[in-house]
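Some structures to go through are shown next.
Here come two complexes built around chain A, the first alongside chain B, the second alongside chain C.
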Partner chain A sequence: MKIAIASGKGGTGKTLVSTNLFNVIRQTGQKTQLIDCDAEEPNVCEFIRGKVEEETLTTTHIPVIDARKCTFCGKCQEYCSYNAIIMLPAIKTIQVVEDLCHDCGACVYACQYDAITEKEKVTGSITQYAIGSNADLLESQTEIGIYSPVPIIGQTINMAEAEALTLLDSPPGTSCPFIATVERADYVVLVTEPTPFGLNDLKLSVETLRRLKKKFGVVINRFGLGKELIEDYLKREGIALLEHIPFDKRIARVYAKGELITEELPEYHDLFGKLYQNIMKQVQA
Partner chain B sequence: MTEIAVLSGKGGTGKSGISAALASLASKVVVADCDVDAANLHLILEPENYLEEVYTSGQKAQIDADKCTSCGKCIDYCRFDAIKISDGEFTVVGTACDGCQLCARVCPTGAITMIDQNESRWFAGDIRNGKMVHARLAPGEDNSGKLVNLVRDHARKEAHDIQSDLILIDGPPGIGCPVISTLSGINKVLLVTEPTVSGIHDLKRITELVNQYKLEVFLVINKCDINMEMTEEIEKWAAGKQIPVISKIPFSEVWVEAMINCKSIVDWAPESALSNEIRVIWNQLIGNE
Partner chain C sequence: MKIAITATANNSKAKLDNRFGRCAYFAIYDTELQQTEYHENPAKASAEGAGPASVQFIASKGVNRIISGEFGGKVKDILNGLKIQMVIHGQPDSTIAEIVQQFSKN
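Right, the complex of A and B next:
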């Protein structure tokens, strides 16, 4: 069972929800995993600390063109949909722009002269931490300057264990990194805030999840800040409201230090317990 | 011409609010919202769009079941795991397809065609003191970096047309492809952080990326009073990196009210301490141009 915690807008409280939810679920004795899928800016490790079990480097394939075998026929360049091959036949030069390469293999297929091989390039890492006896944390992280976190996100989610309850902390937005995360989830929890920006981005996320035919519900964070614009929208659209997290300066202070509100502020342990039950009810509905 | 991007690594630190406030102070400006997959700045600046253009984000493969012989060659070659067999039929998983066309090329019966993804849009509009260029990447579509480039190219054209010396860019979160596209060819970066463990962590990663470009970098610590110790830690770190901290903005309900009412702080509470703080940022960042 995989549950993704996502939001269109950044900074609405995804990591607050995923880390605290993880904390209350693992305390029930359930085998629990938390995967930080925000590979560009992973933050979960700032809140959940454990012992490093394993670190794996992630790699991509980059073509290497042997200019001695190359006849400058131009077929690889024609087959590359990403403009990642630059060729100047006049001066017998052919080059791969590594940053533009998507590792699709089309150039290797195109070359009839055996001039293209592939090398591996490190794109990031996956670190696994043990948290107590029944839980672990997997953190995906891109190298600085890597364009797309999507392959790393996929590889990290592949490490999820079938019998565990796995929480996926999603990257923000609604484009490829978000899709790569939520499409593997059985249920999605969208975290929003009661501001016009929160609502605007919530609508985008809802549209995307409906397209993907995903089951989802909404948590309103910083509740009490604005008017009831989110509730009105959820009622209109028939979307499940899973829980409110109040606007409480103590939460901001605990979060700022990298602590969990379900440990520091007992009333939030109960709130997240309720949230977990509400999610499971929706999953089974 | 000066192009300034507001970035943060972490989402929700206040990029759009600060971008909107700086835009309000300009006598003439072109604003570019480069957070193309969760654009918000138009909610505050309310541009009157006079241009709406289709953006083709890429292509996705489509299999014609009548021509498909189920030979499986496409599955063997696809590195994106984007072709699945459901109910005996070969189908493309749209969200996984990267648009590389290799399946279409290897298919012996020509059953696979590539379809343009045409649902994304970009816009240009009038705002009170200039122009705004923004975009909407259709949910689930790729190539946000290419769309960012388009928005920026058009912003330059608008700036040229109205003879604006300033392009203000509201950047996307993260450090990946849309951020990299935001950074190329600009002059200055305003980093906005918050004194939380995530804020600092993400600030360090975005700084490492920004330092690969030769840019003038400035830092604002937003909501600085959430945790004063951490604010001091950020200041110390910034001093070591020779990044000037040009403002520390305390958390304020007035800021929240302005955002809820979709107004820039400078328009909502022009006399407030916060608005003065924005003027301080403006003077350090742009004032001497």
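Right, the complex of A and C next:
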């Protein structure tokens, strides 16, 4: 079972929700995993600390073209859907634009002259931390300069254990990194805030999830701030409201210290317990 | 020498297209023949890699210099490697005729 925590707008409280939900669920004895899918700037480790169990490097395959064997037939370029091969027969030049390569292998298959081999390129890393006896944290991280975090996000989620309840802390936005995360989830929790920006990006996220045919519900963070514009929208659209997290300065203080509100403030332990139950009801509905 | 200019349409009154990889047309001016040919950019609607595909296109036409409003990060190294000079034109409202005139004087 995989549950993604996503938001659209950045800074609405995805990591607050995912880390505290993880903390509450693992305390029930359930086998739990938390995956930080925000590979471009992972930050879950600021709140959940554990012992490094394993570090794996993620790689991609990049074609290497031997210009001496190449006959400039153009087959590889024709097979490449990503414009990653530039060929100029007139000046006997053929080259690979590494950032555009999607590691599909079509060029190697296309070449009849054994002119194309592949090299491995490190794209990032996946670090696994043990948290207590029944839980772990997987952190994805891209190397600096890597064009897209999408392959690493997929590789990290593929490491999830089938019998664990796995929480996916999604990257912000509604573009490819978000989709790479939520498309692998059984249920999506959207965290929003009662501001016009929060509502705008919530709508974008909802449209995207509906097209992906995903089940989802909404958590309103910083509740009490601003007007009731989120509730009105949820009612109109018939979207499940999973929980409110109040606008409470103590939350900001605890979060800024890198601590968990479900440890420091007992009433939030209860609130996240209820949130967990509400999510499970929705998942089973 | 052949100079490519990114153009918004296929005639000399057209304005410079500020984008390189996704420009509508390439005006290719031959300084020896003093003639300009217009080619639709085959890469303008590429999902990805419009820049490198545009380089492929103009390089296959034997262009030595390219004039545009801006160049994306991926094409700079490729153009340098192919020894094709990049010129950023500072006046986006210039027409192809004006730019050709400017460069045929030099």
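The rule is simple: the second predicted complex is superposed on the first by the 285 of 285 C-alpha atoms of A that agree within 3 Å, B and C clash if a C-alpha of one lies under 4 Å from a C-alpha of the other, contacts with A are read in each partner's own complex, and residues count from 1 in each chain.
Rule of thumb we're sticking to: contacts are C-beta pairs under 8 Å (C-beta built on N, C-alpha and C of every residue); 3 or more make two chains touch, one makes a residue touch a chain.
Source: prediction; values computed, not measured.
When the two structures are aligned on the shared chain, A:S148 is found in touch with chain B, with no touch to chain C. In the superposed model, A:I179 makes contact with chain B only, not with chain C.
Of the two partner chains placed by the overlay, neither chain B nor chain C lies in contact with A:D270. Of the two partner chains, neither chain B nor chain C is touched by A:D232. Of the two partner chains placed by superposition, A:D66 touches none, neither chain B nor chain C. Of the two partner chains, chain B is the only one that A:E207 touches; chain C does not reach it.
In the superposed model, B is the one of chain B and chain C that contacts more residues of chain A.
In the superposition on chain A, A:G10 contacts chain B only, with no contact to chain C. Note: residues 82 of chain A belong to the chain B contact set and to the chain C contact set alike, using the contact criterion stated above. Chain A contributes residues 8-12, 15, 38, 40-41, 43, 46-47, 79, 81-82, 102-106, 109-110, 142, 144-149, 154, 171-179, 183, 194-197, 200-201, 204-205, 207-208, 211-212, 225-227, 252-253, 255-258 to its touches with chain B in the complex.
On the side of chain B, the complex with chain A involves touching residues 9-13, 16, 37-38, 40, 43, 59, 77, 79-81, 95-96, 98-102, 105-106, 137, 139-142, 144-145, 172-177, 180, 194-198, 201-202, 205-206, 208-209, 212, 223, 226-227, 230, 251, 256, 259-260, 262. Interface residues of chain C, counted against chain A in their complex, comprise 43, 46, 48-50, 52-53, 55-56, 59-60, 62, 74, 78, 81-82. The residues of chain A lying in touch with chain C in their complex are 82-84, 86-88, 90-91, 93, 95, 97, 99-100.
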